[in-house]
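Okay, so chain A shows up in both of these, paired with chain B first and chain C after.
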Partner chain A sequence: MRFKWLIPAIYILFLLLPIYWLVNMSLKTNDEILSVFSLWPHNLTLDNYRVIFTDASWYSGYINSMIYVTINVIISVSFALPAAYAFSRYSFVGDKHLFFWLLTNRMAPPAVFALPFFQLYSSIGLFDTHIAVAIAHCLFNLPLAVWILEGFMSGVPKEIDETAFIDGYSWPRFFVRIFIPNIASGIGVTAFFCFMFSWVELLLARTLTAVNAKPISAIMTRTVSASGLDWGVLAAAGVLTILPGTLVIWFVRNHIAKGFALGRV
Partner chain B sequence: MHLSLRQVCKKVGNQFHIADVSLTFTAGTLNILLGPTLSGKTSLMRLMAGLDRPTSGSIHVDDRDVTGVPVQKRNVAMVYQQFINYPNLTVYENIASPLRLARLPKHEIDRRVDKVADLLKLAPLLHRSPLELSGGQQQRTALARALVKEAALVLLDEPLANLDYKLREELREELPRIFTATGSIFVYATTEPSEALLLGGATATLHEGRVTQFGPTVDVYNRPENLISAELFSDPPLNTLPVTKLNNSMLYKSQVELPLIDRMPELPDGTYTVAFRPHHLFLQRPSPAAIGVRAEVVIAEITGSESYIHVDVAGVRWVLLAPGIHAHEVGSAIEVFLEPTTFYIFDRHDRLVVSPKLQTTR
Partner chain C sequence: MIAKQQNQKAWFMVLPVFLLVAFSAVIPLMTVVNYSVQDTFGNNQFFWAGVDWFRNLVHSERFHSAFLRQLLFSGIILAIEIPLGILIALSMPRRGWGVPVCLITMALPLLIPWNVVGTIWQIFGRVDIGLLGYSLTALGIDYNYTQDPLAAWFTVVIMDIWHWTSLVVLLCYAGLCSIPDAYYQAARIDGASRLAIFRYIQLPKMQRVLLIAFLLRFMDSFMIYTEPFVITGGGPGNSTTFLSIDLVKLAVGQFDLGPAAAMSLIYFLVILLLCYVFYTVMSNIGMESTNHGGS
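Let's look at the complex of A and B:
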């Protein structure tokens, strides 16, 4: 099997082709994109990136996205931690049904919730704020976070809790000093998944914002100016949108498979 | 200080995990809970620790009712069968954690951790993470954390069960020495009769959530009050034979006849259970009074220094434990010998009526 590397190599090549093309486009001028077929930029330019980093209507999109994604990750993880602990450690009436019901929240398309959220947030003055998008994304991120964390928590023997209580730890102290360090990788994976879903979500983010909290994904899809589409700048924006995800995944690369299995391995 | 359980019951769903247990342990004693898996050893310990609340009954420390007191406020320590340590803390911090929570001064913490680390030979490992240690070292760390607290009640739930043979022997030898060094009440759960005998102290035999007997370990072994206690305290299992006493003989299905010696003739006629330990069933006639019985070999196991021969005697399964190697073909017929002076005899309520100890002391 001298060529056993060949098939994965072809596979990866196919996967990377669109990403390469995006990077390729982002480094070309609009003229070159539209006029000739070139496998690599003949007139290499960073102008497209310069536009994004200097034009407030572009870079504010990134800032807005990062703000609401961060808020969402913090809310999701901090609310999911005690909830997941309860599901993992205690049995109470209807616990299994409730646990399953959490997941069913992901079964409805976000479009279903776009209208009620829009109306509700408008009437209480939350429309076009970062917190509005962050809370809306909890709709699907919080159940996911509870599921993933519950899996990781159930991997920690219950006897550790009891030993801590016997040693004299109060519950909050035990939770912060002993338990959270024990599931640190689980929290990392959970944060990553919340980040990922919140970062790529377009519909709710676009519906609930207008100017002040407009996310980058919404800006990218609306950039048709009088002079037509600015292909190069759009491609550069695309590249910059992929980057944060790549950075975050680097930190959880060793635990990500367990996260996809919702912590149950 | 003493701990007493008064008519303690623990019901989960419709099942009694602990049924009507009353026990009193005094300070400076080692108490063994002996029983098979699911006999309620762990449930009982959790009740003593305060991790669970009894369904009914009460738990007292020095006549103070502590039944509803949360575990943080009890003066207890516990070691589990699994090796439970805090993986995010070093061995030193693991051991020191109960002392830190009690807000002891730093030099006192250092002194006590060093002392217990010396006792359990953990001194060179104090700055490692528990995950880098072997199973025996991890369990010693857990033991150290339980001992350093100098709690009034120390609960050890099969602490050696998950260790390999060598380490278990080693720790088992160290434990009595460690126990005597403190003035605490030790409660030690085990499934192995031999471990109970090695550790000494007092033993409570547990069967389906009930204490069948509680007393000094050797006494419980020598004079089990009932058949269940005798069976719990025998490994390999006790050999039994249901017999009918009529006039001057005891008969099993008119196939095995046992002569009556000593006090046996005084027993009223009726049904009894004769029991004797596997090492009191012999391949060679041990004394002129021994009774020979025809038996069929079912299984022959050889451990090296001893042989276990499972035999079938007129439909009853017995185990014979003989020193040395005895190879017997499965299915072959042999003659085995019973020594009536080693008999325990239980009445039809499974209460002990004749014990071998009684006969020798008479």
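Let's look at the complex of A and C:
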């Protein structure tokens, strides 16, 4: 068992190799990418990144993605908080069925919804807006948020609620002043997962946008098909989409597994 | 479990979520149902077609093969990812500087947009500019994922392993961390072997999270779209055309709304069935754990 550390080490190497290759390519010129096979960039260049930060059609994609992801996280968490509280504390007519129905939407294949979504949002005039993508992503993020929050809330003893009500707290005041601080880490994890699934989703975001709200990942697919050969810029754009995720992981590193288990480890 | 308080007013707390999800789920689903029983010759004129589309689909060669490919893919990646995830979680460090390093690097692939995952592997596997493709060719292995179906499958499977094994690892790790040290001490006193510790202490404690991991992986792999679409586009030929890819081809590419809608519904019903199994299993574990005093 002395070499036990080798297994995770090899696995991490396997995880990092493709990412390293992307970073490596983003720092090369196109000529170098296509002419010589090199394990590290010989003529280090930041030109590819410069293209992205100066061309509005590129960097607007990042801004669009950020906007709809932020709207989505705010909607998901604020709507899911009271609902999750209801599920964890009360029983009411149809609660189990409702919970199951919410789960089915988390598991629904986006491909099924792509075309009807396009028609629905076009007919109500929301096509190509940030809010349309944010609401569409609620389809899977809201159920997820309710599930994770319900798991965390069920871990909080009921006595806390009862004591607060005896002390004369009204429900809204109790919820904001006492309950929310108690599940702060749960809310953080939920926000992280909503961010994550909204950030990585492409199919719906691409279907619902044309110009004004086009996400960065959709802009990348366009570049692959049209100019096709600008590998350096493509790699740089890919590297930049990895960065936000890496930053937010740091904040939830201790709770991430609990979140994946829907708050039920 | 302590009986929950009966309170019908709780519906008001759930209502906003219900309305928002219903807006995004029920209206589009009804549109799909609508299309699935009608035929059109353009000009927005629709004709009643009854269950024709469903009948055609159930007998169609194309649907059968896409469905079989989908099952095969889910089966392969589950058979690799679950044991591999357990193995890695077992050998991960429990304390010290290694823990955050492992957790953060392993979570990294989960946070990359799915089409970028596809792009990364598309580049990585290329024979001319990718490390994997170049090395394999240099070793004398005939590898070209754009022409050889086997190589395409290999690329898609290894991509999925790269992308999602970490999920299994993180879940198992969380389960392992919830085992009190006293269990291991007791096992040491009894002189239990490494295998016995795994079989009688670690595996039972991981059972819950393993089930979650298994079902999540199964369902998510069952609707995989973006990554294989970016890497192979479903080819060469139809060899990596999974259900979602076939569906989008049918609906957006050929604009065959009726058959596409019928396929959507069958697809959705399969998922619904899986969900039911998932939900039942999850609630049963929930009951068990509260009977044993919670975990």
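Just so it is clear, the second predicted complex is superposed on the first by the 256 of 265 C-alpha atoms of A that agree within 3 Å, B and C clash if a C-alpha of one lies under 4 Å from a C-alpha of the other, contacts with A are read in each partner's own complex, and residues count from 1 in each chain.
Everything that follows uses one rule, which is that a residue touches a chain if its C-beta (ideal position, glycine included) is under 8 Å from a C-beta of that chain, and two chains touch if they have at least 3 such contacts.
The structure displayed is predicted, hence computed values, not measured ones.
Enquirer: Since both structures carry chain A, what do chain B and chain C do when superposed there: clash or fit?
Expert: fit
Enquirer: For A:P116, using the defined touch cut-off, is the partner it touches chain B, chain C, both, or neither? Pick first, second, both or neither.
Expert: In the superposition, A:P116 touches chain C alone.
Enquirer: Using the superposition on chain A described above, determine whether A:I19 touches chain B (first), chain C (second), both, or neither.
Expert: In the superposition, A:I19 contacts chain C only.
Enquirer: Which partner does A:L202 reach: the first (chain B), the second (chain C), both, or neither?
Expert: Only chain C; A:L202 stays clear of chain B.
Enquirer: So, does A:E162 touch the first partner chain B, the second partner chain C, both, or neither?
Expert: Only chain B; A:E162 stays clear of chain C.
Enquirer: According to the stated criteria, A:I178 is in contact with first (chain B), second (chain C), both, or neither; which is it?
Expert: A:I178 contacts chain B only, not chain C.
Enquirer: Could you figure out whether chain B or chain C reaches more residues of chain A?
Expert: Larger number of chain A residues touched: C.
Enquirer: Which holds for A:S170: it touches chain B only (first), chain C only (second), both, or neither?
Expert: In the superposed model, A:S170 contacts chain B only, not chain C.
Enquirer: Counting only touches as set out at the top, which of chain B and chain C does A:T104 meet: first, second, both, neither?
Expert: The second partner, chain C, only.
Enquirer: Quote the smallest CA-to-CA distance from chain B to chain C in the superposed model, rounded to whole Å.
Expert: The answer is 9 Å, the least C-alpha separation in the overlay.
Enquirer: Report, in rising order, the residues of chain A that make contact with chain B in one complex and with chain C in the other.
Expert: none
Enquirer: Could you list, by residue number, the parts of chain B that touch chain A in their complex?
Expert: Touch residues, chain B against chain A: 49, 51, 70-72, 74, 76-78, 80, 82, 84, 86-89, 97-98, 101-102, 142, 145, 149.
Enquirer: Which positions of chain A touch chain C when the two form their complex?
Expert: That would be residues 1, 4-5, 7-8, 11-12, 14-19, 21-22, 25, 33-34, 37, 39, 75, 79-80, 82-83, 85-87, 89-93, 95, 98, 100, 102-105, 107-117, 119-120, 135-136, 138-139, 142-143, 146, 158, 196, 199-203, 216-217, 220-221, 224, 231, 234-235, 238, 241-242, 245-246, 248-250, 253-254, 256-258, 260-262, 264-265 of chain A.
Enquirer: Would you pull the chain C residues touching chain A in the complex into a rising list?
Expert: It is residues 2-11, 13-14, 16-18, 20-21, 23-25, 27-29, 31-32, 87-88, 91-93, 98, 100-116, 119-121, 123-124, 128-132, 134, 162, 165-167, 169-171, 173-175, 178, 194, 208-209, 212, 216, 219, 222-223, 225-226, 230, 243-245, 247-248, 251-252, 257, 260, 264, 267-268, 271-272, 274-276, 278-279, 282, 286 of chain C that touch chain A.
Enquirer: What residues on chain A touch chain B, complex-wise?
Expert: Those in contact with chain B are residues 157, 159-160, 162-170, 178, 181-182.
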